[in-house]
Amino acid sequence: MNKNLFAKTPPMGWNSYDYYDTSVNEEQVRKTAEYMAENLKEFGWEYVVVDIEWYSYDTGSQRDKYQYIPFWKVEMDEYSRLLPCVDKFPSAKEGNGFKPLADYIHSLGLKFGIHIMRGIPRQAAHEHTKILGSKALANDIADPSNICDWNPDMYGVRPDADGAQEYYDSIFELYAQWGVDFIKCDDICRMDMPSAKKEIEMLYNAIQKCGREIVLSLSPGPAKIEEAWHYEKYANMWRITDDFWDRWDLLLPMFWRCELWQNHVSEGCYPDCDMLTLGKLGKGFGHEWECNFSHDEQITLMTLWSIFRSPLMLGADLLQLDDWTKKLITNKDVLGLLKHSEGARQIERDDEHVIWCSKDTEDGSYYMAVFNLKEQNCDVAIPWEDVKNYGVTGTKAVELWNHEDVDLIDKDSVFVASHGAKLFKIQ
Amino acid sequence: MNKNLFAKTPPMGWNSYDYYDTSVNEEQVRKTAEYMAENLKEFGWEYVVVDIEWYSYDTGSQRDKYQYIPFWKVEMDEYSRLLPCVDKFPSAKEGNGFKPLADYIHSLGLKFGIHIMRGIPRQAAHEHTKILGSKALANDIADPSNICDWNPDMYGVRPDADGAQEYYDSIFELYAQWGVDFIKCDDICRMDMPSAKKEIEMLYNAIQKCGREIVLSLSPGPAKIEEAWHYEKYANMWRITDDFWDRWDLLLPMFWRCELWQNHVSEGCYPDCDMLTLGKLGKGFGHEWECNFSHDEQITLMTLWSIFRSPLMLGADLLQLDDWTKKLITNKDVLGLLKHSEGARQIERDDEHVIWCSKDTEDGSYYMAVFNLKEQNCDVAIPWEDVKNYGVTGTKAVELWNHEDVDLIDKDSVFVASHGAKLFKIQ
Amino acid sequence: MNKNLFAKTPPMGWNSYDYYDTSVNEEQVRKTAEYMAENLKEFGWEYVVVDIEWYSYDTGSQRDKYQYIPFWKVEMDEYSRLLPCVDKFPSAKEGNGFKPLADYIHSLGLKFGIHIMRGIPRQAAHEHTKILGSKALANDIADPSNICDWNPDMYGVRPDADGAQEYYDSIFELYAQWGVDFIKCDDICRMDMPSAKKEIEMLYNAIQKCGREIVLSLSPGPAKIEEAWHYEKYANMWRITDDFWDRWDLLLPMFWRCELWQNHVSEGCYPDCDMLTLGKLGKGFGHEWECNFSHDEQITLMTLWSIFRSPLMLGADLLQLDDWTKKLITNKDVLGLLKHSEGARQIERDDEHVIWCSKDTEDGSYYMAVFNLKEQNCDVAIPWEDVKNYGVTGTKAVELWNHEDVDLIDKDSVFVASHGAKLFKIQ
Amino acid sequence: MNKNLFAKTPPMGWNSYDYYDTSVNEEQVRKTAEYMAENLKEFGWEYVVVDIEWYSYDTGSQRDKYQYIPFWKVEMDEYSRLLPCVDKFPSAKEGNGFKPLADYIHSLGLKFGIHIMRGIPRQAAHEHTKILGSKALANDIADPSNICDWNPDMYGVRPDADGAQEYYDSIFELYAQWGVDFIKCDDICRMDMPSAKKEIEMLYNAIQKCGREIVLSLSPGPAKIEEAWHYEKYANMWRITDDFWDRWDLLLPMFWRCELWQNHVSEGCYPDCDMLTLGKLGKGFGHEWECNFSHDEQITLMTLWSIFRSPLMLGADLLQLDDWTKKLITNKDVLGLLKHSEGARQIERDDEHVIWCSKDTEDGSYYMAVFNLKEQNCDVAIPWEDVKNYGVTGTKAVELWNHEDVDLIDKDSVFVASHGAKLFKIQ
């Protein structure tokens, strides 16, 4: 199986983390999927992803002290494999796992994803539980000194131990049985430990063996540019930033992160700018809030993610989606850049503005995004020489957010709102 | 001018450094060019490059103490621009500069290149000499704290100073007048100083303005992978290693350097593995020697450089080229990879062997290079699944070094000599 | 209690690690103590220290795979406190702990020490066991992300958690009941984690509260010079090197380690050069061997440790002590430097030789150690100007290893064997 | 000569930098010295130090662009030795150097110091000038790649070059002839370059040879704690901070800097907290200002510097000294700590308060400084157990800033103003 064919364009969907943290339950996932099927599917949104600690009990119950309660009860089978916590996912009872939920999501015409932590449960190592397909026990493959800094659930595995690949094979065999389409594996692409690369390869091998086209997404980032070739060989997407949230001081550095990774976007290979922090957020973190970005900043966010061709994963509570946000995420022209553009390059960047260009793969047109980083609205100069060196020859354009036609032939500059963006399609 | 069109395939030529160090003179350059025109031009070799300190007097005269004699006499015009030392380059007399030499090399159907150090001569700063096209003086644009660690000739320029861009414009105006086709700028792509990027941009701008298609080569390396996008935007080639020499412990790390940069080779953009340390070397360093690589190691070197599509610059004294070496560097099939292959990727690498594949752009065939890193001859296993995932479907092959036809259909492995390589073209 | 009075001179004793690794048992400890009492006590040797994993079962049984078997059975009481493994320490049965063994060692006129790992047992955290004197449970104070890199037994404690100090208090209360005189706490003075300092302070506080004068020794080193003031305030000795073994390439760097720490030796405060790797070593590591140091190197070792006033802990199997080694460690004049010298300073050091001086606190004499680092015997020049600046005025001397009298008045240099040392007492 | 005897207590004086920057002239120095002799000498103030670029022309004339004008005219003798610029120091005419000025300062009963930059003038290297007492020329000993990051005047010297020690000998011979008592050598104790240590040793050697007791002060800091032993062996004082100015965010870190260096203060060896930024400051920097510290912060500054026993160098313009500041710097009891206290140790420090203690060497009393770091006035708790462990037994005290008697016997805490300090002498 050629893993690049699992995701021929950047995945688009929803992830439970930004709104629910560790606390999402089955009913919420089902309702969210229903909303997506009815309202967003036609625009390309299709993945429904359950994020971290679906296997843990009492998640969120000590949120003032812990995001992840250490040394707490998790659901696990006899082969050291985590299962959904039945308190949160009732259909997982009697060993069903996520199969009923995945089936339902598939019935809506959507795809189903889950989050996992790299490694094997600490509980398994301390209890000496079995590994399917191997004589080794969990304590034989768990590496006691290889842990995640921020989550207490797992030990990394010793890549060279008998049973290590078998353990990963066994969990992907289970995920394939459940009907999982997308795995977001965490604690795996920001590490300095020599084992991280090996664990990525074990994940890849397990997917190849499991017989199902499962998209592999690596977290948390920032991934290492010096290992770009390795992510490209073994994974489908990898985070190029630590957790992104709705703050301008986090959006601003995304410009240099995209600058850094601009030459690494290709079919099946997507540097990932992280979730879209739009709409209602944060309920599971202790207090629900409305996205802190201004409308112009949200346009900047959507414009950059789209021209760069990052995967797009909604963080919003879809069940409370307001009209403005809904319109923002259903602009077919803008989302079209994920489907039929390529070769995006930063043309210019300084402290006040940024220009990107890319090329449409279908009709020979070009795209030009113009960002204003200043605190004031202003005219942003267009560096025509560099834009033309990129390949743009025409001047007739349509701005894709306001749908206005404009001839750029005499334009030395473009007016852009503070922290906002314009996105032109140029013939 | 689109700088990518200046070098549509990786430059091939000869550089004076590995044999002559700082001491090369005009007669030696002319004779080398003549040899190249008669013997190598037909195979694609075309650049003749004069390396470091062509402007300095008495180079090599204190070689036991200094490679570069500090605070010594250099030839410089009234505009702070270095000129060829007439002791070494007699035709440069009367302000001719390198024009007579360049003209001669052009008359042979070849191209002419020179080495420069980033910055402005220290002597100019201390003497307050003029800058052409600016009211600023050398001391106004020289940055006293921005120096090269290993060469005492220059101060870096202050990128924001009036006169800085004018200085670079003025030297490239001169180089264009001389007929220079290729500039190797040193002390510019391994630095942590914030000015390095700006100086690369000033070089680019100066070339754009000078009206001549001058290939820009950056040294000394290792260049920074996180600035790959910047090199790709402004330069044609950049060193991915510090100075390379004929030692296995330096050749071995080239495999991971190529691994690192494999996704950054494109038209006009070439990560540079450094000169080919073949044949006779080192006379200017104090004692001439014969290349220390075994024949098999030389085949490994040529195979890796070629499939990766590094620029190829001969370090050997061409005037003493032996038959074996000559044959090595005139294998049209191997050199053809520079001209008509693309997408080279490392398929597998461990401590014992390496496999690379690439694709021919003309006839739909594929290339597969198989390297044996071990101290013993051995059979190297072919990872067929990965090779096929890369795109290879056929099995009929010709080995490009021994020209033997072979059908790989039943081959699990290939026999390769210790430290050697085989390079297959597969239909 | 003023902790500096617990060890008015550098502690001297024996530690089980270098010979027995994790496997030492009660009978071996008792016999070693008996030997010390009969043969070494009169020369100042008094501590008998049981090193790592006295609480673990099956230690050494998987030595080819693990030094410390992860996730294995340990002896622990209901309050999360580790107890001696009864398989190895039979007298610890019925909750006696180390009391019977400590009583026996005290009956011989010696002192008893044990090794501990910083933190609380991982097993306790996973089993939610109690903390004596606190409502908190082990899982409340264990920090899941704070682990030792090389030993799997413990989690670090959260310094600010309720129950953290109580846990340390509870273990030292137990150690005081047992009669422990010396604690070597490991995984505590090479860490970058912010908690290490806090854990040192908790250890200090627990000792102050326990009512017994327990010497506190920190491991593994190299300790951080920038925290010297902190070690001096809270501990008695701290390792200035990672584990030391009988190799010249490890002995050589001890000269600059001592150089670095020379100004930090004072009453109750001892930078620690680690164990004396003499005699028979390594049985628990899989194969017993004879100390690899030459006799001259052993003299260098003893001379440097003594003039620097490092604690002296024998690593040898005392039950097989040969005459030469016994004589080496029972030289009263040399060992006297620990008892009655001060102000040791490095006078000169280069790649070939080292000179140290110190001052006797009782009779106004001075000490001068002369080391020859070369591979040949040679005359080492004495830098008389610096030696006199240090304070030495006399010239009549006795060499403390060969007991010969010598007048240095006309000596420009001293003959020293390769890798050897001379140690003069000068009046 | 034992260099520790050159400064048996921490030096006290005035330095031209904080007020005059590079622009101080002879008349200003003379008047300042006169003021000191009349008003401050009796309190221990005695050094008058001329800081940076006394040898440079036109200093301050391009202050908007440069603090130090690069590649500009300096006064230098035929032996590559810098001389005072006669424009600023008229008495230096006819080769007199600083002798007339030093003589005058000596006539007032004071001592004279100057600032130098490590190394040899760049101008000397480029002009190939001579070295007194050596056949080497300046270009033979100047190291072109060893420069100061922030000042363009000098090249470092090659420590192993013939002529290097002779150069340093020659400048100290000159300084001794002039009557210099104090050298502040800059660009020498914050460097990573291996040569810095060697240059400190060359300075030491030159002082030993010159026959005059010249105090050696190293700048700019922060010095490296791991080289403490080296500073202690070869210098008298060394900066433990980069340039200190009158800002609370710079004063606050001085507490941990003193914490770090507390064990390294001894006769002739003084970690240096930098100049006292009091009174009028900054005229040479472009605009004169009044010390930004509140009165309480100034008391904190004087208290910490004094109990720590830092050298005290006034940065204020003495000719405009106000009464409050004058009183602050003439408190005999406080300044007495420099003369007759020892063993200062930090007893406690957290984000809100700091406690230090030290011991009087004459009358057996103790000192206790109590600092309040908070933004509010408050009662600061006294950690009596630690204070008593330090040695304090009495309770009758006098506060040295307000001269009030107080019995601390029932005091759990002491009231201290925000950012202020109290300093008790306890019998």
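Order as written gives the chain letters A, B, C and D; numbering starts at 1 within each chain.
We adopt the following convention: a contact is a pair of C-beta atoms (placed from the backbone, for glycine too) under 8 Å apart; a residue touches a chain by one contact, two chains touch by 3 or more.
By chain, UniProt protein names: A, B, C, D = Alpha-galactosidase.
Since the structure is predicted, the reported quantities are computational estimates derived from the model, not experimental observations.
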Per Cα centroids, the chain farthest from chain B: C
Can you work out the whole-Å distance between the CA centroids of chain C and chain D? 40
So the centre of each chain is just the mean of its C-alpha atoms; given that, what is the distance between chain B and chain C in Å? 56
When the C-alpha atoms of chain A and chain C are each averaged to a single point, how far apart are the two points in Å? 52
Two or more other chains are touched by the chain D residues none
Can you name every chain pair that touches? A-B, A-C, B-D, C-D
Inside the complex, what are the residues of chain C that reach chain A? 70-71, 122-123, 125-126, 128, 139, 142, 144-145, 147-150, 152
For the chain B and chain A complex, residues of the former touching the latter: 2, 225-226, 228-229, 232-233, 259-260, 262-264, 345-346, 389
